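Can you read through this structure? Questions will come right after.
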Amino acid sequence: MDSTISPADLAAIWLTIKLATVVTAILLLVGTPLAWWLARTRCWWKGAVGAVVALPIVLPPTVIGFYLLVAMGPHGPLGQLTQTLGIGLLPFTFAGLVVASVIYSLPFVVQPLQNAFEAIPERTLEIASTLRASALDTFFSVALPLAKPGLFTASVLGFAHTVGEFGVVLMIGGNIPDQTRVASVQIYDHVQAMEYTQAHWLSAALLLFSFAVLLLLYTFHPTGKRK
Amino acid sequence: QTAQADEKLTIAAAADLKFALDQIVVLFKSTHPAAQIEAIYGSSGNFSTQLRQGAPYDLYFSADIAYPRALKEEGFAASEVQTYGMGRIVLWSLTRDASKMTLADLTDPSIQKIAIANPQHAPYGKRAEEALRASGVWEKVESKLVYGENIAQTAQYVQSGNAQIGIIALSLALSPELAQQGGYALIPDKLHQPLEQGFIITKHGADNTLAHEFAGFITDKQTKAIMTRYGFVLPDAVK
Amino acid sequence: MTAIHARFKLDYPGFTLDVDIKLPGSGVTALFGPSGSGKTTLLRCIAGLEHAEGGLLRMNDQVWQDGEKFLPTHARSLGYVFQEAGLFPHLSVRRNLEYGLIRIVPDKRKVQLEQVVELLGLSKLMARTDPTSLSGGERQRIAIGRALLTSPNLLLMDEPLSALDAASKQEIFPYLERLHRELEIPVLYVSHALDEVARLADHLVLLEQGRVIANGTLGETLSRLDLPTAHLDDAGAVIEAKVAMHDEAYSLTRLDFSGGSLWVSKIERAAGTLMRARVLARDVSVAIAAPHGSSITNIVAARIVEIRDEGRDRVSLRLAVGGGQTLLSRITRRSRDQLGLVAGMEVYAQVKSVALIA
Amino acid sequence: MDSTISPADLAAIWLTIKLATVVTAILLLVGTPLAWWLARTRCWWKGAVGAVVALPIVLPPTVIGFYLLVAMGPHGPLGQLTQTLGIGLLPFTFAGLVVASVIYSLPFVVQPLQNAFEAIPERTLEIASTLRASALDTFFSVALPLAKPGLFTASVLGFAHTVGEFGVVLMIGGNIPDQTRVASVQIYDHVQAMEYTQAHWLSAALLLFSFAVLLLLYTFHPTGKRK
Amino acid sequence: MTAIHARFKLDYPGFTLDVDIKLPGSGVTALFGPSGSGKTTLLRCIAGLEHAEGGLLRMNDQVWQDGEKFLPTHARSLGYVFQEAGLFPHLSVRRNLEYGLIRIVPDKRKVQLEQVVELLGLSKLMARTDPTSLSGGERQRIAIGRALLTSPNLLLMDEPLSALDAASKQEIFPYLERLHRELEIPVLYVSHALDEVARLADHLVLLEQGRVIANGTLGETLSRLDLPTAHLDDAGAVIEAKVAMHDEAYSLTRLDFSGGSLWVSKIERAAGTLMRARVLARDVSVAIAAPHGSSITNIVAARIVEIRDEGRDRVSLRLAVGGGQTLLSRITRRSRDQLGLVAGMEVYAQVKSVALIA
């Protein structure tokens, strides 16, 4: 058994980075407007929406994966939909992983963003509107920059959680090399197969990479400290 | 289907098969140099769930023959269910000489934790429970039991020293990683239902000639030798 | 020139704003009233920041708000200087200033960046990246500049100068005057300082407990004795006069009106220009004989029209100074008695100080 | 097969609630000072600490569980420590579950808290100090109340994540009924055993309970909206 | 009574604070200077909010800060009213007020809640739970009250009254006066309004670009023509005088000083009380002959000590009025020439208006 990182491991790491990047991007795209709405609306059903978003995390990932698998399968509602749309079936594809990870990691992105948006003083937004900025303009030119620390946290949690997730990914992805076998699944396989040396190396690589990325981010990140 | 597509084969196999199957694949490849074969190991139950949802596996080797049988009945199989081996369970320990132990020794108060696979869904766990019950120690040891998610995790409980002894698959006890550590005692197969393990060619692999060839290769002599070496009792030997 | 019509009713627990006022479409209108009288609330209604049900707001021909319509704040061409500066903490000083500017199409920019930077003394601050480290006055000046740079059709200013020192104020005043004169931007100006108001405003609205208790031209309102302002130190009257000549040597300008003339600090206006000069009652003393050998330059023949008691020790005199114009004078009751002043008497008004309005 | 919830399921739910409550309490106790320090310090190694805290999430839970199992075992450093302290070994005990869950969920608590603390204007803390409040006093009387939205989010994410976690819990806990078999493990077992009806019922119960709790929290929670 | 000694040096990019001053341990010391001159920075240093290396701060016998020691802010017995109110948004009005109070042991509470509520007119606001909905002036009054309630040994006030209207100011002034007189709390008071300063302060520190350019008693500093204060509209001098008699009929009071006397609105003080009266330069005209038949009541014989140009059209005169006291007068340059005024000449100072300070 080789004590370094095998090509299969590298492929898994690469796939992980790809998945986490795509998922984080989508999470931010979906989560930001949702969080903004949650932070600003006075709707009575806002609480319900917030609760529903947070709900996926209370179920074990494998179970979520199971339900998603059934829903996205050929007879599930999601599967019917994607088939009608001509996209085909999502399980066992990279796209399927992305969809599942997005659903599962959404609360980790929405919550910090919502907090960041809620912390922006109403007054600041009012000032922008007196300077001719429309609601959308204000959102991009004032709210989003001021919510940077929240965006940062949302990205870190979303990215890291996607990297580490494997219950959902294993179930939906089917562990197919180069397509859905991400690093977390690969490490899991190594541990299951008692290939501890490989598991240690891959874990160490993943940890080191993540640590480097996080350290860089943490050290140079826009501190949210307010005067 | 192009000829090229036929050069690819994806096998979903129970985790306990890993050590044997990896070698069988190497062997098979020597006669099919162009073949691209991926063996994916995991939980038999998960694989059967995934196959129902159209997972792209051509062959499915289950640790429990009940799964492929159910799939066959539901029309997800492209072949008959074939038995490829019988699993055996062993007592295994890292810290004491298990080769001289019987199930009755588990009541020893110096043994505080006994690891078995979860009998609820893991086939090896079910057989372990049957054997403990049959030898009349179940009531006495039940409170000492800890349950692994699968047979590998069960072995890890013992390996890490958190459990003093465990009941695991013979195939695992013979694996390169565990063979040098500790010793094992075979549990008589009279004490439990047979652990019949079977495989099928899935609907997905129906047109994959490589899948059919690999299925045929399982009854090859060399293959059988490997299976035996890793602790699987071959179907014909059972009689 | 009633060009702004505002009608708002807004209820808070313990406070109700209830106003229906018409304001001139040019010049500076001062909003004056005690703390908590609703000045800020009124500005917020006008800006569209408070959504007052059934409110009405007309700006010249445009309806900004009525029963059906509600123009959102960003669609109202107004500048708003808030009571607290409220700079954007994530933008540099320059980007703060430019925030509104870049949202105006270049054709419509009547106020330029360089102009504002120079006037408000911001050039040293332009390179600063963190607006939270600015001093209070620096912040406020940037907030004023930022609002001006949107070239608004209406400027709302909520105590914009309260954080500024007198010298800065003196520099900003003329610019504000020029701004509303040249660009014809009407200004709604909240202030607690009557001298600031007197200096800047043409029109005065008095608020008390959410209601308008007076609304009229500055001179008119300030010389009314039934209003709270009458008890203020700064009561006075307004004289209309033409620029007659300049005394270059002493840097003075003479304004003539049909009742006499007034010398003021030299102004750069052509002879013949019509000016308005504000004279505070406390700056006017009277003499029964023509004074000689006094440093008081402005002495105008006048006739006492009316004498009113002002408190226990003082009286206010209304003086006719010819051409139907009026001066107010505030003197001690004892001086009135010692000089034997009565209505109808001819006297000399000695004016110590004159402020030009426009 | 019974279509309602069995006593074993109820026991698992009860254990889950107990675990999540204890873990959330400890997370807040540990995470709050840590987040406060991270938010206020100007230490150069603050970034490294932040990264280390976030690190556990990038590894798959089962793998974390494996490493913790080894570390807390009789030959692992943690295990040596607990044995020396006379606590005994942690794996297969409720205490072990608590320790593992705390480590694994820490970033979900620290991150939102840190953001909330960073959003408090320096000025507000200065004012408190001019009103005779010591640093500690200011923390409790000003910082903590103002960080309420962050505390709320931290609690929700920490609690929900502990409820839903099962990789770590399964590994460390050994799936012992009434002791370490929490609801997520129980659902997982049901799904693995293809006892779908039971899995559905238990999932539904967990979801409903969580939804009710979250809805209550979200509806009545101290909104962070600032004027 | 030099009881406060402060020495600080602090560098910001583009700004350096460098002060070393001794201040009296009682009374009100005004900090006066243009925007950005370092007033707030100095207060922050004194409060211990800026950690100025090598700074020194001694309060009476106590060392608050020196080379070795640095008392943290909360351990310094001071009250600080910030330039912005900065109420705690999570606390009700009442809890905001009580925040500092409950942190003082009851024995040491020299200021009571009821007292402050009444004085600052807060009773109507006490029930309000959301301080963010208060008006600007309301917020500021609560901030003042909150600081007072810590019964501090030193009160730092950064433009505390700028958001308040004249009426509120008039109510708060006497209380502040009483506060520092009765409780002997020295106050360091930043203000842009010279009339406010003149009204409240005993001592004046002038800052410019981070340096102290003058530090002395109010009268001394304000009557100096070489300081920037002399150029302000509100420039003036302070006269110390004794209450001499009351004229009940006209409700006037006569103040006597060795150089003459001044009539002011009647005050309720016993004869003999020492008072300080502030006379603005622009309220003083001069005459070369004793004026007759004028409503100006206060005429004082004076000798011109110094004449300085003030802008292009005006001059400032320093007048000695006997007893070593000084008056300032501001007149046009032309009047000076017409009257032929030169230093050393004997004239009559005509005082139109007098403000009493204490």
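Going in written order, the chains are labelled A, B, C, D and E, and every chain counts its residues from 1.
To be clear about the criterion, contacts are C-beta pairs under 8 Å (C-beta built on N, C-alpha and C of every residue); 3 or more make two chains touch, one makes a residue touch a chain.
None of the values given here were measured: they were computed from a predicted structure.
Looking at chain B and chain E, the chains that touch each of them are D. Looking at chain B and chain C, the chains in contact with each of them are A.
In this assembly, the chain whose C-alpha centre lies farthest from chain C is B.
Chain centres here are C-alpha means, and the one lying farthest from chain E is B.
For this pair, chain C with chain D, the centres built from the Cα atoms lie 61 Å apart.
Averaged C-alpha coordinates put the centre of chain A at 19 Å from the centre of chain D.
For this pair, chain C with chain E, the centres built from the Cα atoms lie 26 Å apart.
Residue positions of chain E touching 2 or more other chains: 84, 133. Multi-chain contact residues of chain A, defined as those touching 2 or more other chains: 62, 66, 123, 191, 226-227. Touching of two or more other chains is recorded for residues 46, 49, 153, 156 of chain B. If you check each pair of chains against the touch rule, the ones that pass are A-B, A-C, A-D, B-D, C-E, D-E. The touching residues of chain C, counted against chain A in their complex, run 47, 49, 72-75, 78-80, 82, 84, 86, 88-91, 99-100, 103-104, 130, 132-133, 146-147, 150. Looking at the complex, you find that chain D touches chain E at residues 123-124, 126-135, 137-138, 141-142, 145-146, 148, 226-227. Across the complex, chain B is touched by residues 62, 66, 69-70, 72-74, 76, 89, 91-92, 170-171, 174-177, 189, 191-196 of chain A. Across the complex, chain E meets chain C through its residues 12, 14, 33-36, 40, 83-84, 124, 133, 135-138, 141, 158-159, 162-168, 192-194, 228, 232-234, 247, 249-252, 263, 265-266, 282-283, 285-289, 291-297, 311-314, 329, 331-337, 339, 341, 350, 352-353.
Per the touch definition, chain B reaches chain A in the complex via residues 10, 15, 18, 38, 40-42, 46, 49-50, 52-57, 150, 152-153, 155-156, 159, 175, 177-178.
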